[in-house]
Structure formats: C-alpha cells, structure tokens
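Take a look at these structures.
Each of the two complexes below includes subunit A, the first together with subunit B, the second together with subunit C.
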Partner chain A sequence: MKIIGITACPTGIAHTYMAQECLEKECKKRGYEVKIETQGGLGIENELTEEDVSSADAVILAVSVSIEGEERFDDKAAVVRTDVDEAISHTAALVDRAVALVKGK
Partner chain B sequence: MENINIIRRELIFTKESYADRNEILNCLISRADELHLLNNKAEYLKDVLSREEAMSTAVGFNIAIPHGRSSGVKTPFIAYMHTEKPFVWDESSTNQVDLIFLIGVPETNENNMHLRFLSEISKKLMDDDFRDALRRASSEDEVFSMLEDINQNVQKVN
Partner chain C sequence: MKSFFKDIQKYLLTGVSYMMPVVVVGGVILAISLLGADQTATGLVPANPIMVYLNLLGKAGMALMIPVFSAYIAYSAAGKPGLAPGFILGYIANNTVSINGVDCKSGFLGALVLGLMTGYMVKWMKSWKVGKTLRSIMPILVIPVTTVFVIGMIYYFVIATPVSFLMTALTSYMTSLNSTSVIGLAIFMGIFAEIDFGGPVTKAVSMFTLALISEGIMGPNGIFRILVAVAPIGIFLSTLIAKDKYTPEERNNATAVGIMGCLGITEGAIPFAIKDPKAVYPACIIGNIVGALIGAFGNVTCPVPHGGFIVLPVVGNKLWYVVAILSGAIVTAILLKIFKKKLPVEETEEIKNSSAAATEGN
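Our next item is the complex of A and B:
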C-alpha cells in the first residue's frame, strides 16, 4: 500500500506539520509506503512527483485552505479529502477510510 | 546563519495554577511584551483570538498551540506553559489541555529559520515520549534546554 497526501492549514505554522507527522507515523506503523507534501509557511516541501502520484494507491488531502496542484490527483480513484485537524486527532480512522476506498469497500 | 533566540528562558513557565485560556494568553502575551518582542500587544492578542475562533488550536494530546502571524509581533518567539492540571481549553471541544505553546510570528519575515524551528517542534509534539519528557521536566531550565536542543539542531541542518 502506498499512500500520498498533502497537508495545509490557515497559518501554515504548526498544524500542517503536525498532520504530516501523524500521517507518516500511522502509515509507517502499518508498513505502508508514505509521502506527504506540506504546503505551509515554508512553501511547498517534500513535493509529490509525477512518479509518486502515479504509483500511489490512495491520496489523503488533509487541507483546511485551498492548495496548489490539486489537479495532479484528477485521475486517482481513491482520494479522501478532509480538514487538517482530522489528520491529527483521528489519524487511524482517516487512513482506514483511504484504505477502504482502495479496496472498494 | 544568524541564530535567532526564538526560545527564551523567560518565556517558559511550569507548574502554573492557571486554568483559563484567556488568562493564560494574557499572561504570556504580557511577558512577551515586557521582553519587547511585540509592537502592539492588543493587535497580537486580537490576531491570536481570531485564529482560535476560526479553528481551536487545542489539537488533542492535551496540547494547545495558540498562534498568530501578526503585525503586532516584532520578533518571533515561542512561549511555553505547563499547567498543574489539565483544563478545558475552549467551548468548541472537550479537549483538555495542560501544555500550551504560544507562537508569535511577524507578518513579514526576512528569515524563515523560526518557521523551520516551529515546524520541527510541531512534529516533535506528536511524539508521545517528547510530550512525556516535557511534562516530567522538573524545572523551567530543563524545558528550556530540551527546546533549545531542537533549535540548535534546526540551525545546524539548515
């Protein structure tokens, strides 16, 4: 399983990076491959490449503001969109939702 | 690279008996003002509160990270408080809080090293062991050195 995603919050100071950390931890704990791009006060970091997008099974957009490059995921079947808070406080449930989409449940 | 003293010993408070969000914000912001880190105390408080209204910064794990990118801030800073008992941060959720990180960032910044540090500390706060260590810290000096270690690492890497 490979999960990619983007995190972004209104001020771009803290939540963006907390959400990234939570998602990476949860996915690694499950043995998934994971890469999370952050769009915060430091600009775009850990940017998802075309290769990342094409090889990903699921996409998690944990964003509370509009983001750049959302069209990159137009062709992806399993995309979960939520706010940045949920990625921090309900990480496991969020990853479950993404996985369920992949498995077509 | 210029070392920014974003962590200040004078802005670290442990074993505090506060149990009210606004009282804590007022206390920490007044201290920051006394250290001449603010241009406009009222403006900064207003920006922090409006950020709270938009979305509570009580993120779970008994942590709140009130913050504002504000023209009221002159010098970036982070203030830390550990309260003796957890309390309900605001009415929007039942989230209890006992660790508070108040973050102040100027609206325009010529150097993003403090943002790098803040992103690093945000990630560290998701680590159970790190939070436990902060809560166990027996003195303000101990907390200061834990936070300063992170700051030094960030400066080294970048």
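Our next item is the complex of A and C:
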C-alpha cells in the first residue's frame, strides 16, 4: 500500500506540518509506504513527483485552503478530501477511509 | 448546502492565508516608522525622512492587504482568471467612492463580499460553452472585463452603501466603546478567540480583528494576540507545577509547546486539549478571560496579525501585554493543576521506571 497526500492550513506554519507528521506516523505504523507534500507558508515542500502520483494507491488531501496542482490527482481513483484538522485529530480513521476506498474498487 | 458553506470557508481562509504576510509586513514596518514620532494635533508624524519613507512602505502594505484578500478569495473559487478582477474590485472596496454625494468605503467587509461574488461569477463564466474563436480571448478579455464591469456596477448600485454603512457603524462603535462594553468584548474574546486553538473559530475572530486593523483600530487585535500565547504557555507552566499529572513524553512536548506559544503559535495546545478536554478547555478559557481583561484594562494594541512575545517590539502598552500573557498563563497553569486528574497507576509506574533509568544512567 502506498499513500500520498497534501496538507495545507491557512497560516501555513503549524497545522500543515502537524498533519504531515500525523499522517506519516500513522502510515509507517501500519507499514505503508507514504509521502506527504506540504503547502505551507514557504510554498510547496517535499513535492510529489509524477512517479509518486502514478505509483500511489490512495491520495489524502487534508487541506483547509485551495492548493496548487490538485489536477495531478484527476486520474486517481481513491482520493479522500478533508480539512487539515481531521488529519490531526482523527488520523487513523482518515487513513482507514483511504484504505477502504482502495479495497472497495 | 453544507458543502456550500464549507466551500465559502475554504475560499475565505485562502484569502486570509495570502493576505497574512502582507499585513505583517505593513504592520511591522509601520510600527517601526512611528518610533520616536512627534505627537501633533493631526496625529503621529515620523521623526525624519527615512522614517517618513518607512511609513510610506508600511502604508503600502496596509493598503494592499484588502485587494490581496479579495483577489485570493476569487482565486480560490475560480483559479487564475479570478485574480485580476479580484485585485481590482478589492482595490475599489478599500477606496472611498462617492455615491449620491455620500462617501462609501466598505473596506475589509466589502472586499470579502466582492471577492466571493467575483469568484462565483468567474467560475460560472468558465463553464460557458463558447466557440473556438471566442475561447482564446475568454481568459484575457471577456472574463476579466465583464466580471469587473458587472460586479463593479452591482457594487455601486447595490452593495457599497449598506456594506460601508455596516463597516462605519462597526468602526465607530469600536472606537467609542465605554468601559462596560470593553469588559464585554474582552470576556467574549477570552471565551471564543482561542476556543479551537487556531482552528476555524479562531480564524473567524482573527478576521474580525483584521478588519478593524485595516480601519486603524488595533485594540481588539491586541487582546487577541495576548490570547494566542496564553494556552500554550499555561500548559507548559502546568507541566512544571504538576509533574505527577503528565507523562514524561507530555512534559517533553510541553517545552516545545511553551516555546511555540512565546512565538505566537497556539496549535501546540491541541494534543493536550484532545487528550483531556474536560480539564484543558475550562482552564484555558478562564486563563484567556483573565488575559483578555488585563489586556483590555491596559489598552494593549497590536498592529500585526501575529501574537506571542515575538511581536512585542511593535505592540502598544508593552508592559500590560506581557503582564496579560503571563497572568493568563499562570491562571491556566494553576487551574490545570486543580482540574487534571492524576495519571492512572501504570503510567505513573512508567514515570518511576523512566526516572529510575535516568538516575542509573547518571
């Protein structure tokens, strides 16, 4: 299982990175491959490459603001869209939802 | 309907997100330019030509915050073609327009409405099915010109008057607050400003204080910026005075949370609030009310949308600002000590083991 995602919050200094950490931790705990791009105050960091996107099973967009490059995921079947808070407060449930999407198809 | 409001929230937050650095630059440089300024009948006059220039730089930032806000609301809703009309219409909202002999300036509130309208109109126009020849000129000619013209007219004939009336009423009310209503405002802000530690409610209150900054009223923002620091610093202090109620990991994290609080970042408090809401919420809210009241009493002002000790150089009535943050934090810490339950036994064992291990290590 490979999960990729983007986190972004309005101010871009705290929530963005907390959400990234939560998602990475949760996925690693389950033994999934994971890469989370952040779109915070400094712009895009840890950018998802084309290869990341094409090889990923599920995409988690935990964003509270509009993000750049959302069209990258147009062809992905399993995309979960939510706000950044859920990735921090309910990380496990969110990852479950993404996994359920993958298994459901 | 729910997703409609969710969308609007996202658009507004995107606008705030892009506006934030602009206001910070404007506010900080403006505050620097007024250091050592002469107090005259017409207001503060910068001390020397360099300061006059800095004043101009700062004001440029403050003047741009409103157009940037509406432009990025529109951008969030409609993508790139939303930007140009958003900037232009936001600029109009921030300038005085004479309508039937009445001067109208709708400011922040007007920019918010115009940004949303622009966003939705551009989004709608993008969905038009147009012929090939027309399609190439849609984004550079048809969409921006039509949007600015149509919404500009709606603004002149419909929106400008009521919204600028509202904005004027709000600012004149805020400048003429008597002591009772100041206390009311402080308590209100104490309860709601940080109730979700940097989440949507916080951002709504923040937008309100930002709107007032753009009108030159810095008091409510001063109170708000105190509150940003109270909860995280309070939690840090409580881990010092109530060691038996936190796990070693929590106490480790609390140091970082306290430092973040000093730097004006509240979010560090979230994990503590999630873990033990029954203790953390009441303690933080009461601490916030104390901080807000002291800040209001000391007439604390802050020209930038960021808080904690890091903005101290540009804060007005610095001593009260510091006193308010510390008092709020200390109250929070003491209440946490009272409200928090002792750790369950096995976790206490863990502490003993880990401290024993630490001693052995020595």
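Note that the second predicted complex is superposed on the first by the 104 of 105 C-alpha atoms of A that agree within 3 Å, B and C clash if a C-alpha of one lies under 4 Å from a C-alpha of the other, contacts with A are read in each partner's own complex, and residues count from 1 in each chain.
Following the convention adopted for this analysis, a residue touches a chain if its C-beta (ideal position, glycine included) is under 8 Å from a C-beta of that chain, and two chains touch if they have at least 3 such contacts.
This one's a predicted model, so the numbers in the text were calculated from it and none came from an experiment.
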| item | value |
| --- | --- |
| Simultaneous placement of subunit C and subunit B on subunit A, clash or fit | clash |
| Partner chain in contact with A:Asp85 - subunit B first, subunit C second, else both or neither | both |
| Which of subunit B and subunit C A:Ala93 touches, first, second, both or neither | neither |
| More subunit A residues in contact - subunit B or subunit C | B |
| First, second, both or neither for A:Lys25, with subunit B first and subunit C second | first |
| Partner chain in contact with A:Ala14 - subunit B first, subunit C second, else both or neither | both |
| Subunit B versus subunit C as contact partner of A:Ala77, first or second or both or neither | neither |
| First, second, both or neither for A:Ser66, with subunit B first and subunit C second | second |
| Clash-bearing segment of subunit C, relative to subunit B, as chosen among 38-46, 146-154 or 218-226 | 218-226 |
| Intersection of the subunit A residues that touch subunit B with those that touch subunit C | 10-11, 13-15, 18, 41, 64, 85, 88-89 |
| Interface residues, subunit C side, partner subunit A - complex | 10-11, 13-14, 16-17, 20-21, 75-76, 198-199, 203, 260, 265, 267-268, 270, 274 |
| Subunit A contact footprint on subunit B (complex, rising order) | 51, 54-55, 57, 59-60, 65, 67-69, 103, 105, 112, 115-116, 118-120, 122-123, 125-127 |
| Of all residues in subunit A, those that touch subunit C in their complex | 10-15, 18, 41, 64-66, 85, 88-89 |
| Subunit B-facing residues of subunit A, complex | 10-11, 13-18, 20-22, 25, 38, 40-42, 64, 85, 88-89 |
